[in-house]
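A, B, C, D, E, F and G are the chain letters, set down in written order, and residue numbers restart from 1 in every chain.
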């Protein structure tokens, strides 16, 4: 049996109904959004189901959309069914004020550090994570550097003239 | 887990034979290999005395080009500075004045052109970005230095020698390849 | 050399060993003091061996190996000492593992 | 005993000999470092040091002087006395072995016949073992005093390794001793160099192999260089050492290597015997002193080969793991040595008493 | 004073100092080192007594193996000065006094023994040579020798059993 | 794409900005002392044991420098040690993040005098393209640097060039420099006693 | 193969019920020689046995993902170089493939094959470093230098193509900056001829040497399901027996045109990893040879194509820029980043030296990516180290570290 995007979607909507939203297929990769309360359930379903069998977490990362009020932070999961060679992308959105998302560590060991990294970058609080602390940056850091409002540059750099060619700005 | 492809091929990992368990044969084999290298010709380059040719496209120290009449080609358009991922290039444009035609090719020129060689990552994007045939990466690697100040290369350090006033040096800088063409 | 000197030296060493055993609490040091005592005895044995050789040299029937037995005794004592040390140290290591100390005073309890 | 009798000329003669041998072993050790780097270079298709003097010959001097002029650091947390004692012990025990090795037959100076051996004691081999067993203290104390976990681990590794391999080494030598019937190194060499005598390697190939492997282990050379495995323990026991104290450790290693090479040559390869030549006849034709020089050179050539061999092995094979090392020592080397001993004993008995059946 | 006497007294002093250090030093590593020094001195005495075999064996066995084991164990446990709780001062005093009394009694007892004129032969005699000892050992004492080897074996087994983690 | 230019002749030899601290001169130093200084300098410069503090790309290029084609061993520098006590030259190669900076300093502190530091590559010297919140903009913010080697990563030739610059520095250093006030002031400015 | 069961080594239970802390804490790194790259392992050891390990990473975190949000696409290529610097070209190509996927650029076959050559060379240089470092960590240094000489040859090929050795910045969106020169092809040919000999020699030095086998067999093993759960990809996953290879399962850059095998191991221990990498080098050689032959087969026009015909994204010829206005305008537009890219989300994976290198690019239509996330295989599988090393000896842990091929640049991004 070939696992098609339509079939996956069908199975998902059967199980979760309206919870699966924002379905797209950019460049052939099935993408959908689930409410953040359901992320673990959906993943568990995708993992356990014999036919779906998405048992490999390829990637987990955060995204910050400062313009989308109430759903500023997103967690993007890329799941992979190796046997059928199908990938899907699952997104979870959360409010920047209360960025709580359930952790996937119970399902995938590999989520451990990736969630820590996401926490480190975006401050997304993975509920139930065994060891949620900063991983790449120093412990003392008091902000989440990859959020759009924080500057990239090291403020101590002196050997550059930003005024040149309008590069002082935000781009 | 079932196989995902039909191309898998297990690596050869048979248990050690008695012969191999004796340590010595493998050691002897290894030692014969090392001994054979003992007498081999060495590929080492005695660096400061001998040098290895760099490839003709090697991306080394920058050089600001002049045209045949010794005029600077740079017109301070700033593309190189924009293209530089390390933001190492700084320049100030100036209008060419009367009587400077033999110095600058276009109406604008770079009054100040500095590259911070410590920042530079020699990616060659500036060379690619230049629409005026002005900046090139040469086959010279950037020399080390004792102080940070030694790495701010100004126009003096970057400009190719003037073909009119210093033809010898100019020819050296242009090198063999272009002379042929 | 007069045998007396050797006797007194051996006695002194032996007594120092005894003092060590009595005053220290560290099992390893106590053990070392026992080694010291054994060595004192060894020294004495060798000295006596040579004394007997000297005796036999004076007497009429001269035997080269006279007194050699004593040296063999030393040899055997060394063997015993080595065996003792292996077992003893193993015990000390076990003791350290269990009570995390080498203090002999802890050993007076049968349980922890 | 002869060495306790007082004789001024005798003392002078021995003092000169000791001085000479110490100087020679230091120089050899120094140039072993150079050779090691060169050999490593050549085996690895490189040139090795060649910028300090011709062919880099001044390299050891440069290293030595640099080490001398470097700051001495004694880590705060370490035990100062033991920290200094460690390298001293290592160096001393390394040097002490040379006392019983016959470097040549004898020379005639000012009408005196001087034996080229500091002390021909009748239990020479046992003496070497005694000194060897002291060698472990340098590593242990140094590693322990550094108060660094890596050093301590290295010290423990080193100690257990050296104790374990000493056993197999001793057993392998016992087989040799059964053949020679003497513990004096001089006698052993003379037996081999006498007309009709063969080098012991012909009688004891297995014994030699065991001895050599154990010598590698005793010198902490690859594949047994666990105490200073730089990839694991970051130079191990001498990690915290700087300046000349480090130099002492490095030197001690090379002196040990030199001494083991000489010992191997002496015990199994005829010592100062010049191969294929009847030495006694040579003395007739060339004079004692010339022959002595030739003999010394012969010994040095043999030792040089073994030193090269040490390096050759070092730059070829991987290192053991701790448990494998112990496994090899206790479960392979010792049984092999015992078997070798047994076979030798049987053969010796048969040779003495005839075939019993 | 002959050279032998000088050596004797030198070695004696070293041995006694070493022994005292073993008992008094706080750091067990120092104790081990002092004991090694003592053993060296005792070996020196053996050489003086012309028992070279025993001297070397003493070094190999005691200094080379046993003390290494001690040091090994100390390092393994990483014993420092603090780890040893000091005994009660009075107990220490009592121990010292008791030891001293023992020394006194023994010295007093042996002082008058008929040994003043007896000497131990120094620097001569072949008894200590390996050849003679070997002959004796493997002829007359062969059974004790074998028994001691059994003892050794059992000690080894015992140590292994003790050391084995369950 | 053949270039119309090939070499930057003005910089073939490198434009040397004079070393910050010239040798203290022969003032007060007798003939013998200065000779000794020379000899020691000669010895030191031929026996520079590097401590490769390799964090990223430049470390890989350093491997090439150690390997057969370039063979840093020719300069007597092949005894690469990872124990700071035994090494003379701290070669910082690769990006030093702010998290790593204290470690660099620690390693520098553990090294025995005389010690030198070489910053290999753009990242170690100035931060390179990584002008970001987490990267130290040049290790000279935490330890004094003697020679900078530009390039990202520098060619092995350039690394050797840097080592030779160090050799020059080492060879000319007076024995007294490390006790001098200026050196102390330099260390003081980095908060090192 | 009963003697090489990994789990036996692996789950040695330490005695329980012993009082007090008997373990010592050992700090492996960040400057320890075994941590090739920078990361720290805090090991709890009982003698030589590791009781537990805790890894700390982030010592060269450089905020790639943040930087990438400020840079036009072509300026991100130098960043990707510095991810896995042992095989920088693969990252470059992966990035270009991502961009091409987003921009809808179709590359000609010849470009694909040239890319394959470069990528496989990079794979060889990556595996070669890893395998020889395993050798170094077992104590044999010499093999390392033998193969290093031939990595130099790979670097020369890069240099001939792009002008740089390690961090290549090779390739452009749509193809290459310039065509391969004849010298480059000659060097590839020479490499194909000489490298197998050396690789064979390298194998002889290690593969069946008992010391090496004992050091690596049965150490650092991980079972396939655990490995998948930990997100292993690449050689390390294949060593456990899972034949997952992006080149085959999701072919990119015309990998479907080539014949090669996927070497798989059985137990996933260090020896298997070593063997798999070694075999992959042979397979890479095969691929390069095929690609090289295919390139030779191109005739006429096709034989000199080195970039896709996409004037919007590929810089015009320099000569045209100097002379033609239109070209100059495109040139300016591309360099200034004024050509907006389409909105969308792309995930593109390539088989990097260490496994699946993924690029997750979110574009909001601006000049720079809105978000660019790198899937760094190292970062993901290094988590497993504490599980792998538990109960192993210290020396095993060190070999495991090197045989996992941890590249700090990739790990910390």
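Assume a contact is a pair of C-beta atoms (placed from the backbone, for glycine too) under 8 Å apart; a residue touches a chain by one contact, two chains touch by 3 or more.
Only a predicted model underlies this, so the values are computations on that prediction, with no experimental measurement involved.
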(request) Weigh F-G against D-G on C-beta contact pairs and write down the one with more. (result) F-G
(request) Taking each chain's centre as the mean of its C-alpha atoms, give the chain farthest from chain F. (result) C
(request) Considering only mean CA positions as chain centres, point out the chain farthest from chain B. (result) C
(request) Would you mind pulling out the distance in Å between where the CA atoms of chain D average out and where those of chain F do? (result) 39
(message) Between chain B and chain D, what distance separates the C-alpha centroids? Give it in angstrom.
(response) 51
(request) Could you tell me the distance, in whole angstrom, between the mean C-alpha positions of chain C and chain E? (result) 5
(message) Need the CA-centroid distance for the pair chain A / chain E, whole Å please.
(response) 72
(message) Show the residues in chain A shared as contacts by 2 or more other chains, in ascending order.
(response) 82, 85, 136-138, 145, 152, 159-160
(request) Identify all positions of chain C at which a residue touches two or more other chains, and write them in rising order. (result) none
(message) Give me the residue numbers in chain E that touch at least two other chains, ranges are fine.
(response) 4, 50, 53, 57, 65, 69, 76
(request) Show which residues of chain E lie in contact with chain C when the two form their complex. (result) 4-5, 8, 12, 15-16, 19-20, 22-23, 28, 31-32, 35, 38-39, 42, 45-46, 48-51, 53-54, 57-58, 61-62, 65-66, 69-70, 73-74, 76-77, 79, 83-87, 91-92, 94-96, 98-100, 102-103, 106-107, 110, 115-116, 118-122, 125-128, 132-133, 135-137, 141, 144, 148, 151-152, 154-156, 158-159, 162-163
(request) Spell out the part of chain F that touches chain D in their complex, as residue ranges. (result) 39-40, 42-44, 46-47, 67-68, 71, 73-76, 78-79, 81-83, 85-86, 88, 110, 112-114, 175
(message) Applying the document's contact rule, which stretches of chain F touch chain A when the two form their complex?
(response) 98-99, 126-127, 131-135, 137, 141
(request) Name, in rising order, each residue of chain D that touches chain E in their complex. (result) 1, 4, 6, 79, 82, 85, 121-123, 126-127, 129-130, 132-134, 136-137, 140-141, 144, 152, 155-156, 159-160, 163, 166, 183
(request) Mind listing the chain F positions that touch chain B in their complex? (result) 1-20, 68-71, 74, 118, 122, 125-129, 131, 138, 140, 146-152, 154-158, 160-162, 164-165, 169
